[in-house]
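First chain A sits with chain B, and in the next complex the same chain sits with chain C.
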Partner chain A sequence: MSSMLKVVGKQLKNHPALIPLFIFIGGGATMSMMYLARLALKNPDVSWDRKNNPEPWNKLEHNQQYKLFAVNMDYTKLKKDRPDF
Partner chain B sequence: MQARRDLPRSRAKMSETIQEKIKTYRTAPFDARFPNTNQTRNCYQNYLDFHRCNKALSSKGQDVAPCDWYQRVYKSLCPTSWVGKWDEQIENGNFPGKI
Partner chain C sequence: MAHPSQLGFQDAASPIMEELLHFHDHALMIVFLISTLVLYIIVAMVTTKLTNKFILDSQEIEIIWTLLPAIILILIALPSLRILYLMDEINDPHLTIKAMGHQWYWSYEYTDYEDLGFDSYMIPTQDLTPGQFRLLETDHRMVIPVESPIRVLVSAEDVLHSWAVPSLGVKMDAVPGRLNQTAFITSRPGVFYGQCSEICGANHSFMPIVVEAVPLEYFENWSFLMLQDA
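Showing the complex of A and B:
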């Protein structure tokens, strides 16, 4: 593992133009992994523990936004409209 | 709209507003729990909520009228074949959902 890193380090020293490549590829990989983690942990359709958390979407508030970008939907103006029981 | 004097004040108000909402009902409103295009779960959840509401309110001895909101919503959203199938399953006692 460390020998692989040493090889890469030598290559970078000889060809420093490769550094932006690492930055962009690394950034892209991080962003996809973070999105997958968000989906796995925060998505209200996902239930890891079905016994104690059977319907996680019911835990959302009536004006809570899960989407990252909600176009044409003003969540602050929503009112709760379902009867309690 | 007569106020329900037999209910405690908060529940009377809620049942009034729900009755008003049922009267002026046009279609299922936006539900923040189901923001995407696929509304399958919205349909199923309202069907479940209708039956759960009936069960909860009738076991407490209260009027079941507010539960009609859920019925209007699921009738707007669900395909009638699904509703028919689920109703049949409930009658036969093998509905898979938790009510």
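Showing the complex of A and C:
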């Protein structure tokens, strides 16, 4: 593993133009893996653990933001006007 | 509605469609710039008498043509993701309407306060009055109050259909046994046309959608009259 890194480091010294490539590809791969992990762990649409967490979609608060970004909506201002079931 | 030989989008009638139009202009401008640059380079390469047979590599130009495309892609991706999340936001609708797709007509149900339901069939070409649009008009329009957030629940009673109104930036598949939600706000009063957007049989092209946005008093009068007729 470290020998592979040494080889890559040597190639980088001779071809520094590869550094932006590593940055963008590495950054893109990291961001996609992080988003996939967030979906796997925090997505309320799927129940992974049927014994301990059978229906996570029923546990959402009325003003909870479950999407990653909120562009135009202040979710804290939403009022709860439905009865509990 | 679309006009003959139209190439671009229809005029936006909702804020989301305006955002989509502006993003399309932005992305298309980038595409035009890149294509023009590439075409120029091709022509320049092909029409020059200069040659250099001894170039092997160049680190500087490699850095530039890695960095610049990455920046351009980020400039396209950020507005795109912003609109994506904007389209999915829950906006506290004032009215919920159910649009059910059938072979080959749509039916609309306004059940928030009373039970109002009606079918919306296309007006056949031979029954059109002067000024009406061929294959786009329906006998009953889906009337909504203007500038109010509307939620539309789309489903189907038999096969797949799709409820689409291009000027509102709305398209949602109608799947039997499934309830799909979409929402929009009309920024101005008017009549907005759409067509079924999922192949559904012989008359798939002949089950249009007409949304009519009117001020609230007109909407209240209309729903009162529709309830009486039913």
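Operating definition for what follows: the second predicted complex is superposed on the first by the 79 of 85 C-alpha atoms of A that agree within 3 Å, B and C clash if a C-alpha of one lies under 4 Å from a C-alpha of the other, contacts with A are read in each partner's own complex, and residues count from 1 in each chain.
To be clear about the criterion, contacts are C-beta pairs under 8 Å (C-beta built on N, C-alpha and C of every residue); 3 or more make two chains touch, one makes a residue touch a chain.
Bear in mind that the values here come from a model prediction, so they are computed numbers and not experimental data.
When the shared chain is aligned, no partner comes close enough to touch A:10: not chain B, not chain C.
With both structures placed on the common chain, the touch criterion links A:61 to chain B but leaves chain C unconnected.
When the shared chain is aligned, chain B comes close enough to touch A:45, but chain C does not.
Applying the stated contact rule after C-alpha superposition, one finds that A:70 touches each of chain B and chain C. By the touch criterion stated above, A:20 is placed in contact with chain C alone, chain B being left untouched. If you count the residues of chain A touched by chain B and by chain C, you find the higher number for B. Residues common to the contacts of chain A with chain B and with chain C across the two structures: 67, 70, 73, 78. Chain A contributes residues 15-21, 24, 67-73, 78 to its touches with chain C in the complex.
Residue ranges of chain B in contact with chain A, taken from their complex: 14-15, 18, 21, 29-30, 32-36, 41, 45, 49, 52-53, 56-57, 66-67, 69-70, 98. Against chain A, in their complex, chain C makes its touches with residues 57, 59-60, 62-63, 66-67, 70, 81-82, 85-86, 88-92.
Against chain B, the residues of chain A that register as touching in their complex are 44-45, 54-55, 57-58, 60-67, 70, 73, 75, 78, 81-85.
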